[in-house]
Amino acid sequence: MARYILKRLWHTVYVAVGISLISFFFIHLSGDPVLLMLPPDASKEEVETLREQLGFNDPLAVQYLRFAGHALRGDLGVSLVHRVPALDLIFERLPASLELAGAAMLFALAVAVPLGILAAVRRGSLLDLGSMLAALFGLSMPHFWLGIMLVLLFSVHLGWFPTSGRGSFAQLVLPALALGLSLLAMFARLTRSVMLEVLGQDYVRTARAKGLRERLVIGKHALKNALIPLVTVAGMQFGFLIGGTVIIETVFAWPGVGRLVVQAIFSRDYPLVQAAVLVLAVLFVLINLLVDLLYVLLDPQISYGGGS
Amino acid sequence: MDELLRVEGLVKHYRVRRGWGGRGARVHAVDGVSFAIAPNETYALVGESGCGKSTTGFAVLRLIEPTAGRVWFRGRNVLALDPEGLRRMRREMQIVFQDPFGSLNPRLTVERTLEEPLLNHERLSAAERRERVAEMLEVVGLHPEHRRRFPHEFSGGQRQRIGIARALMLRPRLVVGDEPVSALDVSVRAQILNLIVKLQRRFGISLLFISHDLAVVRYVSHRVGVMYLGRIVETAPVRELYENPLHPYTRALLSAVPVPDPRRRRTRILLPGDVPSPIDPPPGCRFHPRCPEALAVCREEDPRPRRPADGRIVCCHLYGGSPPGETVSPAPEPGASPPTPEERRT
Amino acid sequence: MPLLSIRGLKIHFRTPQGTGVAVDGVSLDVAAGEVVGLVGESGCGKSVLALSILRLLPVPPALFAGGEIRFEGRDLLRADPRDILALRGNRISMIFQEPMTALNPVFTIGDQLAEVYRVHRGQSRSQALASAARMLGRVGVPAPERRVREYPFQLSGGMRQRVMIAIALACRPALLLADEPTTALDVSIQAQILDLMLSLNAELHTAILLITHDLAVVAEVTRRVAVMYTGRLVEEAPTAALFETPLHPYTRGLLASIPRADASFQTESLNEIPGVVPSAFALPPGCHFAPRCPRAAEICRREAPRLEELLPGHRVACWRPVDG
Amino acid sequence: MLEGAESLRLWGETLRALGRSPGAVIGGGLLLAILATSLLFPWFTAADPLAQDLLARLTPPCWQEGGSLAHPLGTDNLGRDVLVRILHGSRVSLFVGFAAVLVACGSGILLGLLSGYYGGRLDSLIMRVADVFMAYPFMLLTISVIAVLGNSILNLILVLGLSDWVTYARTVRGSVLSIKEKEFVTAARSVGTPNRVILRRHIFPNVLSPVLVLGTVRVANIIIWESGLSFLGMGVPPPMPTWGRMLAEGRVYITDAWWLVTLPGLAIMLTILAINLLGDGLRDALDPRLRNIPR
Amino acid sequence: MRKTAIILAVLWAAALAVQPAAAKDPDTLVVVQEAEPVGLDIMQSSIQTTMSVGYNLHDTILKPQEDATVKPGLVEKWEKLNDLTWKFTLVKGATFHNGEPIDAAAVKFSFERLMGDALKSPHRGKLNLFKGVEVIDERTFTMSTSEPYAPGLYMLAQYLFIVPPKYVQQVGDAEYNLKPVGCGPYRLERWVKGQEVVMTAYEKYYGPKPAYKRLIFRGVPEEASRIAALLTGEADVVSGIPMHQRPKILASGKAYLTDQMGSMNYLGLNTYEKPFNDVRVRQAVNHGVNRELINQALFQGKAILCRGPISPRTFGADPTLKPYPYDPEKAKKLLAEAGYPNGFEARLAYGTYMPQIQEQAEAIAADLGKIGIRVKLEPYERAVMWERYKNRQHQMFIYFWDDAPEPDRYMYSLFHSKSRDYYYKNETVDRLLEKGRTTLDPAERAKVYHQIDRFLYEDAPWVYLYVIPEVYAVSNAVEYKGLRDGYLIMSTARPRK
C-alpha cells in the first residue's frame, strides 16, 4: 500500500515535469506579455526596459531552468498581471472551482445513477427510450448555449435565481445545472450500460436464485459492482471539470480557476499559466489517486491482494 | 536412441504481483520437467489445472520463454536459437490450441489463416498456395469451398479442424496439442479425436498431447506423463499406467474419473483439500499434504525419479528401483515401425 | 404426486435474427429425494429448462410458449412473483457451472450465505452469520469462522462450489437444480463435489436435478436420466437401463463416442456422430436428429416422433429405436 | 487490412447487424442525409454564404412576421442568409470533426498498438506521455497551442486531434493487451509470422471496433468543442461559417434574434444525435457479447 | 434509491428557499463591468476595468475635465511659475483612509514611487516629461518639466495618484495592490477575489461626499448575463453594452443609457509596403468603406463618423473636414491609377478580444471586396496581435483608441516616430506633434492640431472609421452621468427621486 502510494507520487512528479515543460514552451513560444503589460502608447524604450527587467531576453532554456529552480523551492512566481504570487491567486480561486465541479457532479450523479439503473432494469421500456433520448439531447447541447438559456429562463424570465456571481447557494444552482446536465447525460448512459453488463453476470442470477427481492438484487449486488467503473469515470470527469469549465465560468461570472487561466493565457501571464496548469495537473493526478484508494472500499480484490 | 524431442530440467517461473502494489511473488509454474518424445510417438502430459502442463507445451515451442532447462529438437537446442533460427524451427514444431473460438482470427477467412504459414516459410505462387490450402482442408475433413468463410461461420468442431489444418500446413514433425478437444461437445469430440489419431499416423507426426482428461489421453497416447504442481510424478506406457498406476496421485486421479457405466461402482480415493498454490509449493514431496500414503520422509525429502520397472518412472518414496540414467524415458526400439491403431489401443 | 412435474414445456427466444426454439414440449418428473440427470450437448436447452423452473429466464427475450411446471402441485409459470421469490433459495435452489462468477466478487462469503437466512428465515445479521459459518462447515469448508469473512477470489474453485452448495442447501430445499456443477472443476475436485452432493441428498432428502453434458458423471450419480437434443426430450430411463440398452440412436451414438479411462475397458475406435447440431433457428422438420441419424427413414424426416414408453420406465422419442 | 470480397462480406454482416437496430438505422440515415446535403447542396444553390445585405440584417425566418422567402431561415447580423450559412457550415464543422477524429484516431491507434504490443520501455514511455497529456487540462492545452499556431482550420484539426489521442491510445492498448493473449496471435507466432505482420494482420483489424465506436462519438464532441473555442474566439477563423461559430456569434443576439443561435444549435444537435445513435448501434453490432443469443 | 430521492428533494427545497436577494439595500450601488479588477493599486495596471475600480479608491491632485482642462482636486490652487514650472498648494486637512495626512512629502513619495523601477508601473511613461517634485512646505510643492508641455496639468490630473508613504513602505507594493489605502471618496471594505470589491464611503473625504454609503464592483464577462443582471435589478450600472442591445434596454423601462469615453475605431494600413505605400490606394480604401451604412446597420446610426485621425469630439479636430464619402467608383479609379486595376489581395487583422469587432471586420471586408480588394480576415488574440505589430506583420489592421479630450494623449503615441510603430512615419507630422505638445497657448495649439488633422486626412495612413460612444446602462433608480474622460467615478451618482 505504502509502496503503491509512493509509486503514484512519483507518477505525479513526472507528470508535473512533463506538464511544466509543455506549458512553458507553448506559452513562451506564443509571444511576449510585455507589450500587453504596458499601455499601447508606451514608448519603445519602456518596452525594452521592462523586457530586460523581467528576464525575457534570456534564452528559453535558461528561463525554464530558472523557473524549475524556483519551482523546486515551492515558488511558482508572481503573476505579471495581478502582481501577486501566482499560487495565491490559484488557491483563492480553487475553492470556487471545486465547489462548482462538486455541485455539478453531485447533481449529475444524484439524478443519473438512479435514472441509468431504472433504464437498465426496464430495458426497452418507454422510460428507457425516453431517458436515453433525452440524454443524447443533453450531450449535444453546447455549454454556453445551455448556460445562456438557463439565465434567460430562470433569472430574467422567472427571476428564481441570480444571473451570475458566487456567494449564495442560489448563485450556484444555475451554473451547476448548466455544467451538470451534460455530465448527467453521460453518467446516465454510462450507468445504464454498466448496469446492463452487470445485470448479465452470473452472480446476479445467483442472487435472484437465492430468492432476494429485485430491489436488493439491484441495489446491493448489481450496484456495488457497477460503481467501480462509475467511480473511475466520475473521478476523471471531476478532474477535467476543475480546469475545464471556462465557458460556464464565463457565462456565470463564476470565479473559478479556468477563467483565470484562460485570461492568463490571453495576457501571456507566464507565471500564472505555469502555476495553474501545474496545480490543475497535480490535482488531476491526486484525484485519480483518491479514486484508486476508493476502490479499496469497493473492490476487495484490490485491498486484499488478489489474482488467484 | 532415436529421439525427436528431448526436454531436460525445464523450469518456468514467473512473477506475479500480489494485490495492491504488493511485493512480487514467484510462481513455480514448471519446476524441473524432463521427458523425451520419439518420432511418431504420442506423448501425453496429463494433470489438473495449474499443474504446468500447458506451460510446458508452450515453453517447448518457446511461445513462452522458459526460465531454465534445455529443449533439444532433432539435436538442436531450441532455447539457444536466435530469432531467425527459431522462426525456421517453427516449420517443424506446431501447435493446436484449446479454444476453437479464440484460436482463429475472426477477421481472416479460412484461406488467409491457412496460407499464413506458407507465406512465412515458403515461396509459392497464389495458385500454389490455394492448392495447398484446398488440399489440407480436405485432409481435415472440410470442403475446399469453405476456404472463403470466416471462423464465425463454422461450428466449434469445424474450427478445431481448421486449427489442426493450420498446424499441419508446413508438415511439421512435432505437434503440441494443448487440450485440443476439451472445449468440444461429446459427439464432436469423438470426431476430432479420431481425426487427430488418423493424421498423426498418416503424417508420421510426434504429438505432445496435453490434457486434463484421463479418458481422452488413454485413447490417443502411447506414453503418459502425469504432472502435479510443476513436476512429472509418473511416466509410463499408456496401458501400464491405466492398469497399474504406481504413484498415489495417479491412483487417486484414476479412481476419481467418472466412468459411463452405472454398474461399475468402484471405491474412489477422495483426495482431501485442494491443489496447493504454485507460489509456495510444499517442501518435500509436493503431493505429501494430500497423499493418503504419505510417509515421514515425504515431508522432508523431495523424491527422486525411480525406475521400478522397465519403461516406468515414478517420483515417490514408496518405490525403490534404480534412478533413471541418462535416458529420461524409454522410447520404442530403434527401427520399430510406427504403432498401428490396434497397438495403440490395446 | 411427483415433487416437480414439467408438462409440455415450450420456451422460445425472440431475437433480432428471428425466433429460436429453446425448449420444445418437454415433460419430466422429479420425485422427492430423487436424483435425476438431464443430459445433452451444449445448446440443447437443458439449462434454459432449469432456469425456467425458478423463472430466472429473462423474459423477453425468452417466451413461455406453452406447458406448465408444477412444484408441489403449484403451477410455477402462473404463480405470483412474490410466491416465486419465497420459493427461490428456500424450497428450490440452484447451483451453477462457474463458481468463479456465480459468487459476487465484492461481498464476503459470509454475507452472501447469510443473506439466505435473513431473507427466508428472518434471522438477524449476527444469527445469520453464525448459521452461515455452521453451514460452511457442513459442506466441508475448513475453518468456516474465518472463511465467512473472506471474499470469493480468496477461495479455490472447489471451495467456491462448496460455498455455492452451502448457499443452495442452507434452507434444506426440496429440490436442487444443479446446472453443470462440476464442469469447471478438476477431476479430483469433481469427485469431492459429487460426493458432497450425494451425501447431502441422503442427509437432507433433497431431490437433485443434475444437468450436465457428461454422461460419465450421470452414470455415477443418478438413478434416472433424461436425454435432450435440440430442445426435445429424446429418451428417458433408469440410469442403468439407459446405459445398458440405449434405445435412441442419439443416445447410443453418444455413449459410443466417449473415451473411457477405466482399466478394463477397451474400444476399437470412437464412434462419430456425423454432422453438427442444427441451429435453434433452422431446425429440420420431423425428428431433429434425422439428418445425422444412421437409421433415419422417410418418416423421421417428415414427422416428429413422440416420447413413448417402450420398456417399463424407459421412454424414447424415435420412429426407429435401436432394438433392445 | 482485409482484402477483397470477403472483407466486404464481413462489413456487410456488420451492416446487417446495424440494420436490426432501429436507433442505428435512424441515426445512420440521418447522418447520411446530413452528409449528402452538405456534399451536394452546391448543385442546387450557388448562394454565397458571405454575401451581405446590411440593410436586411436580422430578418426573421420566413414563417415569422417580417420574414421573407428570399431568406427562408432569416439573416444574421450582417444580413447573410442563415440557411446558406448553415449548409456551408455543415461542411466545415463535419470536416473538422471527422478530420480531427481521424488525426486523433490515427496517432492514438499507432501509439496504442506499439505500446500494447511491444510493451516494456516503449510502453512505459508512451503511457507516461499519455499520462501527461491526460492530466493537462484539455481546454487550456488547445487554447495555448492555438495561441502559438494561430487559428486556421488545419491547426484546429491538428490541435483537437492531437490533444485527444490519449483516449484512443489507451483504448487500443487495452484491446491489444487482451488480443495479444488470444490464441490466434500465439498461433500466428507459432507459424513464424513476424511481429510487423502480426500487428497489421491480426491485431490491428481486431482493435478497430471499439475505436470506431469511440471515434463516432468523438466526432460529436469535437463539433461541440469547436463551438466552445469559437466562443472564446479561437475557433475556425471567419468568414467561413461553422456551426460552432454561428452559435457563438449568434449568442450576442440571443434575445432579439433567436434563430441565430437556435438553428445552428439545432443542426449541431441533430448531427450529434445522429452520430450518437449510430455509435450506439455500432457498439451493439460490433459487440460480440450481444450478438450471441442466450440459450 | 429512496436515499437519493430524499437528497434531491432536500437540494431542491434549499434551492427554492434561498431566493435571490431581490430587495437590495438602497444605500448600496452595484456596478457590473466586463471583468473584475486584477489589482486595486491603480498605478500597477493599465487595464480599463481595473482602473475604473481604482478611481473610486484613489485620488489625483487635479480633476480632469471633458474639455482637456483641469479643476482642483487635492490641490486647491496652482500657479504657473514659468513655462516649465508649476507651484501647487494642497487642500487643508485632507487625510488618507488610514488617517495619514496628505502632504507635499506624500506627493513627492507618490511621484517617485510611480517613476521608480521597482513598481514597473505601466503609467510611468505618461509623466516622464516631469522632472520631479520639490517640497516647499507641508502644503506646497513645485513640479517642473524638461520642456514646455501643454498637456502637463491634464496628465497629472489623470495619472498622479497620491498614496500614503508610511503604509506603502510598511506593507510593500504587492500587498498594497490587494489592500490599498487611498484618499478617494470610497475606502476599501473588502475584496472577495473573483466575486466583488466592496467599498464604503469615506467619511472624512475632503471633497463632496458620495450619495451611496456602499459601492460594489463585480465582473461579469458574458454580456447577456450582464444585461440580465441589470434587468433583474442585481446591478445598477453596467458597462460594455453592445449597440444592438441598447433599444432593448430602453424598451424594458428599467434603465437608461449614458455615454462615456468612446472607442474610436480605425483601419490601419501598413504604409511601409506595397500596396499601401501609395497614397492613392489608401485614399481608395477610405472611399471604399461604406461607413454610413455600417453605422446604420450595426450601430443604429449612433456612431459618430470620423473625419480625420482626431476624434470629432476632441479638442483640435479640424471642423472643416468632411468624412471621406463612400464612392466605390472613385475608389476603383484611384486603384487603377495606382496600378491595381484588378485590385489585390490583402490581409486584415483584428483582435478577438475587441467587442463586436468581428462583424465590423466582416462588413468592411465585404465593402472592400466590391472595389476589388480581396480581404482575408485574420483574427488574433491580444498577445499575438501585438507580437505581429511588433514584427511588422500586419498589412491592414483594425484598432481603436479612446477619443480622449486631450489630443496629445493619443496622437503623439500613434503617429510620432519615437513612439510605438504603427506603420507610418512622417517628418512633418513628427514636427507638428512636437509643436502641439509644447505650444502652451490653447488657440495656437488648436491650430497646430487642425493642421495635423488635415495633413493626415489627405495622407490617409488609416481609414478613419467612427467613434462608438461607449455606453453604460444605468438603472432608473440611479442618477448618473458618465464622464467622457476618466472612468467610472461613482461618487457622482445619486438616487433618482
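Going by the order they are written in, the chains are A, B, C, D and E; count residues from 1 in each one.
Here is the rule we use: a contact is a pair of C-beta atoms (placed from the backbone, for glycine too) under 8 Å apart; a residue touches a chain by one contact, two chains touch by 3 or more.
None of the values given here were measured: they were computed from a predicted structure.
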{"item": "Both-way neighbours, i.e. chains that touch subunit D and touch subunit C", "value": "A, B"}
{"item": "Interface with more contacting C-beta pairs, comparing A-D to A-E", "value": "A-E"}
{"item": "Distance between the centres, which are taken as Cα means, of subunit C and subunit B, whole angstrom", "value": "32"}
{"item": "Whole-Å gap between the CA centroids of subunit D and subunit E", "value": "43"}
{"item": "Centroid distance [mean C-alpha coordinates] between subunit B and subunit A, Å", "value": "54"}
{"item": "Rounded Å distance, subunit B centre to subunit D centre (Cα mean)", "value": "50"}
{"item": "Residue list for subunit D, restricted to those that touch at least two other chains", "value": "147, 251, 254-255"}
{"item": "Sequence positions of subunit A contacting 2 or more other chains", "value": "30-31, 144, 148, 152, 250, 266, 304, 306"}
{"item": "Multi-chain contact residues (two or more partners), subunit E", "value": "224, 353, 381, 383-384"}
{"item": "Subunit C-touching residues of subunit A, taken from the complex the two chains share", "value": "124, 201-203, 205-213, 220-221, 224-225, 298-301, 304, 306, 308"}
{"item": "Partner subunit C, residues of subunit B touching it in the complex", "value": "48-49, 155, 157-158, 185-191, 193-194, 212-216, 218-219, 242-243, 252-264, 266, 268, 270-271, 273-275, 341, 345-346"}
{"item": "Subunit D-facing residues of subunit B, complex", "value": "58, 61, 63, 87-88, 90-91, 93-95, 97-99, 102-109, 112-113, 116-117, 120-121, 148, 150, 163, 166, 169-170"}
{"item": "Interfacial residue positions of subunit E with respect to subunit A in the complex", "value": "1, 4-5, 7-8, 11, 14-16, 18-22, 35-36, 38-39, 41, 44-47, 117, 120, 122-125, 173-174, 177-178, 192-196, 218-222, 224-225, 228-229, 231-232, 234, 353, 381-384, 386-387, 389-390, 401, 409-410, 412-414, 418-421"}
{"item": "Partner subunit B, residues of subunit D touching it in the complex", "value": "2, 5-7, 9-10, 182-184, 186-194, 201-202, 205-206"}
